[in-house]
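Here it is, the structure in full.
Labels A, B, C and D are assigned to the chains in the order they are written; within every chain, residues are numbered from 1.
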Amino acid sequence: MGINYIYPEFEVVRNDARCIRCRVCERQCSNQVHQYDKDLDLVISDESKCVNCKRCVSLCPTRALKVVKSDCLLRENANWSNDNINEVYKQAGSGGVLLSSMGNPKPFPVYWDKILINASQVTNPSIDPLREPMETKVFLGKKGSDIKHDENGNLITKLPPQLELSMPIMFSAMSYGSISYNAHESLARAATALGICYNTGEGGLHEDFYCYGPNTVVQVASGRFGVFKDYLEAGAAVEIKIGQGAKPGIGGHLPGTKIVGDISRTRMIPEGSDAISPAPHHDIYSIEDLRQLVFSLKEATEYKKPVIVKVAAVHNIAAIASGIARSGADIIAIDGYRGGTGAAPTRIRDNVGIPIELALASVDKRLRDEGIRNDVSLVVGGSIRSSSDVVKAIALGADACYIATAALLALGCHLCRTCHTGLCNWGIATQKPELVKRLNPDIGSERLINLMNAWRHEIKELMGGMGINSIEALRGNRLMLRGVGLNEKELEILGISHAGE
Amino acid sequence: MKRVFVNEKWCLGCHLCEYNCAFANSGETNMAKALKNVKIRPRIRVEEGGDAITFAVSCRHCSDPICIKSCISGALSRDETGTVCIDHDKCVGCRTCILVCPYGAISEDENGVIQKCELCVKNAAGSPACVAGCPNRAIIFEER
Amino acid sequence: MDMKQYCIIGNGVAAAGCIEGIRNADSDAHITVISREAHPVYCRPLISYYLEGKTKLENIGYRSHDFYEKNNCTVLYGQEAARIDAANKRVRLKTGEEIAYDALCVASGSIPFVPPFQGLDSVPRKYSFMTLDDTLALEEALGKDARVLIVGAGLIGLKCVEGILHRVKEITVCDLAPRILSSILDDECASIMQRHLESKGIRFLLGDSVAQFEGAKAQMQSGETVDFDILVLAVGVRAETGLVKEAGGNVGRGILTDTKMHTSLDQVYAAGDCTESHDISCGQSRILAILPNAYLQGHCAGVNMAGGSEVFDQAIPMNSIGFFGLHIMTAGSYFTPEEGGELYEERGDGTIKRLFSKDGYLTGFILVGCTERAGIYTSLIRNKTPLAEIDYEMIKQNPSLLPFGKKYRVEKLGGVV
Amino acid sequence: MRQLEGQIRIPSGCAISAVISRDGRRMTGEKIIESLKPMHDRSNGLGGGFAGYGIYPRYKDYYALHIFYNDDLCRTECESYLRSNFVIVQAEIIPVRKMPAITNEPLIYRYFAQPLPSMLMTWQLDEDDFVARAVMEINTHLEGSYVFSSGKNMGVFKAVGFPEDVGVYYKLDEYEAYSWTAHGRYPTNTPGWWGGAHPFSLLNYSIVHNGEISSYDANRRFIEMFGYKCTLQTDTEVIAYITDFLLRRQKLTLEETASTIAAPFWSTIERRPPEEREKLTYLRTIYSNLLITGPFSIIVGFEGGLMALNDRLKLRSMVVAEKDDKVLIASEEAAIRAMEPDAAHVYAPAGGEPVIVKVKDGAY
């Protein structure tokens, strides 16, 4: 109170004429916002605890509840926004670094929304995906450019290891620990049913999920948690995580309170000890060190699995990607600055990195200029929100997209951005058993499958409209894109023309 | 036959099934009107124990139902689908069925006769409202 | 092969159970039902509800109108069996007609027991309360000014009280026993119910009996005199065992059967109130004249008559009975501490719960006013569930499935039962 | 100002036809010109062209460079480049018949030349690579000069105009070839430019193409990694480079090339026998960006043969027929009938199924 007081951000509005005192809101709120008062026969709300996750709103059977933005604001100031001021208050009170979750919410330009997709008219036919085959299968991995023949003149058809996906989307890295067992199970089951991959993140692979290995990308991050021979061998591909779009240059920290039971066992660290992923890999201080790690992992997996190197999109990304391509990596994953996180320092999340659209365009161009684009596949993530984002990314030059926030939304996430509290009411970013059980993987996997099938349909519709019936003919096909409201420089970087040109 | 099955692994103890049941059997079209200021008498009941165990119980629609065999008025019977149904005109409220049901799935209604889950075949829901309203698919309606 | 001929003596709930049991195993063969009463099977316990106005005559039928037709039964209404010729597999009716059978079920029920009261013949309006005909006759006599004396404070007498109270001027109930419902309640519970009934205006003369009747006046042994207009005799019932006994079958207080409801006579089965049952709550054989028992026995007999195989070995006494809104449930046997029994007792506002256990099993209970989910307790007795396998402490307080443990629940709630 | 070809992407519809003698017998250009007349409406007067194989027996060991010049200044600049890289044994104006239907002619020259051995040494390239590079160099960097034919014993003749006029203009009745391909153009948004007409050719490969490929930029951006420069932004150009890349540089067979650019659907590949499945999967995977989607029918001319190919959905018409030792291919059967009224075995090849016709060994 007093000088520390910040008026709650949200208001819980209850229509008492509708409230039947079923107390679902009370039972379902892990933040204890709602409380039934027997004497008053009223459900009372303490909005100071509300994070606006909409669990109560979603479960209220009579629609008696809504959560709205509080209008108790400070005096309007175009320079000093309420958020700016409140953050100063918080830091003046605590002396600490501000923490946030999920992706950068600031109003930076979203280039996907300034790019439009082409369609066929008259001069060539659009293709009806309901009548004609429409192919979305992709192979990720090093292809090389030169074909070899044996002494009899026959083709030598051996390719380096490839990751086969039924559609150009994967669920990106989210560790067991940052998200729940049931969230992982949902992702793993959905990926398997869909013929795509999910990613363990740096939390290791729970023993129950080894059976989903053919659809699993196992991650090796700076903390090396849960990494051992069986783990590497279990996955379809191995990913070296250098950085994350939400917090480039920053490591991770899962507090010891979350390192319990299965999580401790899966991460292979003692219960209660903090899981600290260092900012850099302490065996990678330059590009030649990366090459050593890439080949160590290839040796460990007998050159049977593609190695992915994941980096955050930062200013010099084109050169970095070129270096990675030459390090022996089979796939480069680039994470844009709007990518999500379970917890990151707010300042870093909101101010470091570059948009994935620009990073992708410049990396694809750079690799082509150097003639090595066919030596690596490109996977991009960091706020791919819809099938049209996927189509635009592929046309800009990506081989596939990583999605995480969209996947979490399918699992019930309402983007309240308080993952770091561990009290996720939707059973996703929590390890509390009574919250974890709120995500039934039967539902979770079904919703993920629905989402991906819906996107696949939309991708096919968009492709058909362009007269393209195979996703590889879309890859890098920038003529299919036009910019709107972009300046010359942006168009140049994106390698696209302005609409009307 | 299709029955209601409960998987306590996914039951959240939210009690929504009870309210959905009471609403479905209220004959009202608005839940607030049906249940506001009413002590509900659901035909499904959530049990709660320590260790976050919660689960719902309703009539199992046994294949060899002892409630029917014990009914002194002939009010209980199985319909052609196997649903154990109650004829409220015949029931005199003797509660012998309550005395014999090993699941505690039969209870007294507000009129002194008994009520039990009839899989919503007699109300406007048409299929079990507890199942439709369960937010975590802990209650499912299927053939096993 | 010729179709089998089935015969059932009696047309009560045991007979209905027997018909449905036969049909379970044999869908075609003809069944002859010998019915002393001129009514299709009805719910005998409903006669008091009928008088009370809680049910109507058209709803008193136990099964639908086409029950016999659908089940290929011929009902001989108003007929009585006179003799069973077990050697030749024939039943002779009082009319002299004979019915051949391949399998016979004796479901003859019980008849009211009337003690030899002095001067009973001088009573102008006296009734039993067993059958629908008794009931209709009694109903004729009821009137706003009528004073009623009911002899017998057992289940039949008190249900009669409940049925007619609002239709007569006053009711006096006498019983030789010192408490009401002596067969199912202990002293305290009986007195709670007694007080409840007294609050409705009923007068009890307990530990007392009629010494002699003088017309519409009863001279009690205590010396008191009761003037009445209507006398209802509800002293008790006796199992109708005569036919089997005369045919040479083993009979105790009731007809003796094995767990397949077969008597000692070849192809003669018995079911219902005329039989003795093996009460698993106490391990003794006794007459359990309750409706669920009758149906279950009848059904079991029917299945076995038709060549199927069913065993009825879970008989226990149990009663759910309410008077004027106060409900009581009882089941099983109550062992005192001297008999090795253990008692759990819980009292609430006008409620009593008594759970009796012995040797690690629940053997019986009395629930006054707190009957929710009592079937869970009943199942513990019937299934002889070892209390060590469940959380007895928890279930004592709250009959629920939680104390059974996860495995049980997964099986029962996640599977077909 | 209207943009010229190369400054803007130009999709176009078209007519194609071809004839080849399996016995290697020489045919004048008259018949192939005839074939385009019934398909007049498939062109719009903005481009027509022909490729003939076996037309320069006298200079068969020399690269025949056909070049358009905007003016003499350009020619001087280009010839100086040529002289420093090639031994030129013959340089001449390509003879034409002046006619009202063909206007705005550039200067049209041809050179029979061989790379200077010293240059081959310097660049460590074989002859073909050297010539291809030189063509790219001229077309990309020498403004006003455009090499439109660079093979041996073959030549491309093209212009803005209706194709039947272009044939007469170039006096094709005076050339004899064992194989002819022809093209009538219907560009949708350009005044048309001589260089942009078809066939498009590099070294011995020539392409005539009808269609508008939806994979254009994906194909272009991929093939440009390998030294090609798509200066015209036309489908035909990129197909020509892909063909050169796969056939000449990667040494794929014609069938393998067809299986790359018109790869079977994955569902089809899965049904094939293991060995073939492995090969098709390999080709589709390694050169996934060379898959051509959208409607096309193309005829690839090469030394000693032709290959006709439709897109895998067969979104463009193309028929094949035979007459004696001749195989005839065209967008419409009428075109075939114009060449050989009683041609037999007329059929429409399935989408993605290459029709490969080769002249008997030694007959060309």
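Just so it is clear, a residue touches a chain if its C-beta (ideal position, glycine included) is under 8 Å from a C-beta of that chain, and two chains touch if they have at least 3 such contacts.
Since this is a predicted model, take the numbers as computed values, not measurements.
Central chain by Cα centroid: A, whose mean Cα position is closest to the mean of all protein Cα atoms. Here the spacing of chain B and chain C, counted between their Cα centres, is 29 Å. Distance between chain centres (mean CA atoms), chain A to chain D: 47 Å.
Note on chain placement: the centre of chain B and the centre of chain D lie 78 Å apart, centres being C-alpha means. Note: centroid distance chain A to chain B, computed from Cα atoms, is 43 Å. Counting only residues that touch two or more partner chains, chain B has none.
Under the stated contact rule, the graph of chain-to-chain touches is a line, running from one end chain to the other without closing. Shown are all chain pairs that touch, namely A-B, A-D, B-C. Per the touch definition, chain B reaches chain A in the complex via residues 9-10, 12-16, 18-20, 23, 31-32, 35-36, 38, 52, 133, 135-138.
Within the complex formed with chain B, the residues of chain A that make contact are 17-20, 22-24, 27-28, 58-59, 61-62, 64, 433-434, 437-440, 442-443. In the complex of the two chains, the chain A residues touching chain D come out as 120, 123-125, 127, 132-133, 135, 137-139, 143-147, 149, 155, 157-159, 162, 368, 371, 373-374, 397, 466-470, 472-480.
On chain B, the positions that touch chain C within their shared complex are 3, 5-8, 47-49, 53, 55, 57, 60, 62-63, 66, 69-70, 72-74, 89-90, 92-104, 106-107, 144. The part of chain D that touches chain A in the complex is made up of residues 9, 11-13, 188, 211-219, 221-222, 224-226, 250-252, 256, 263, 265-267, 278-279, 281-289, 291-295, 312-313, 315.
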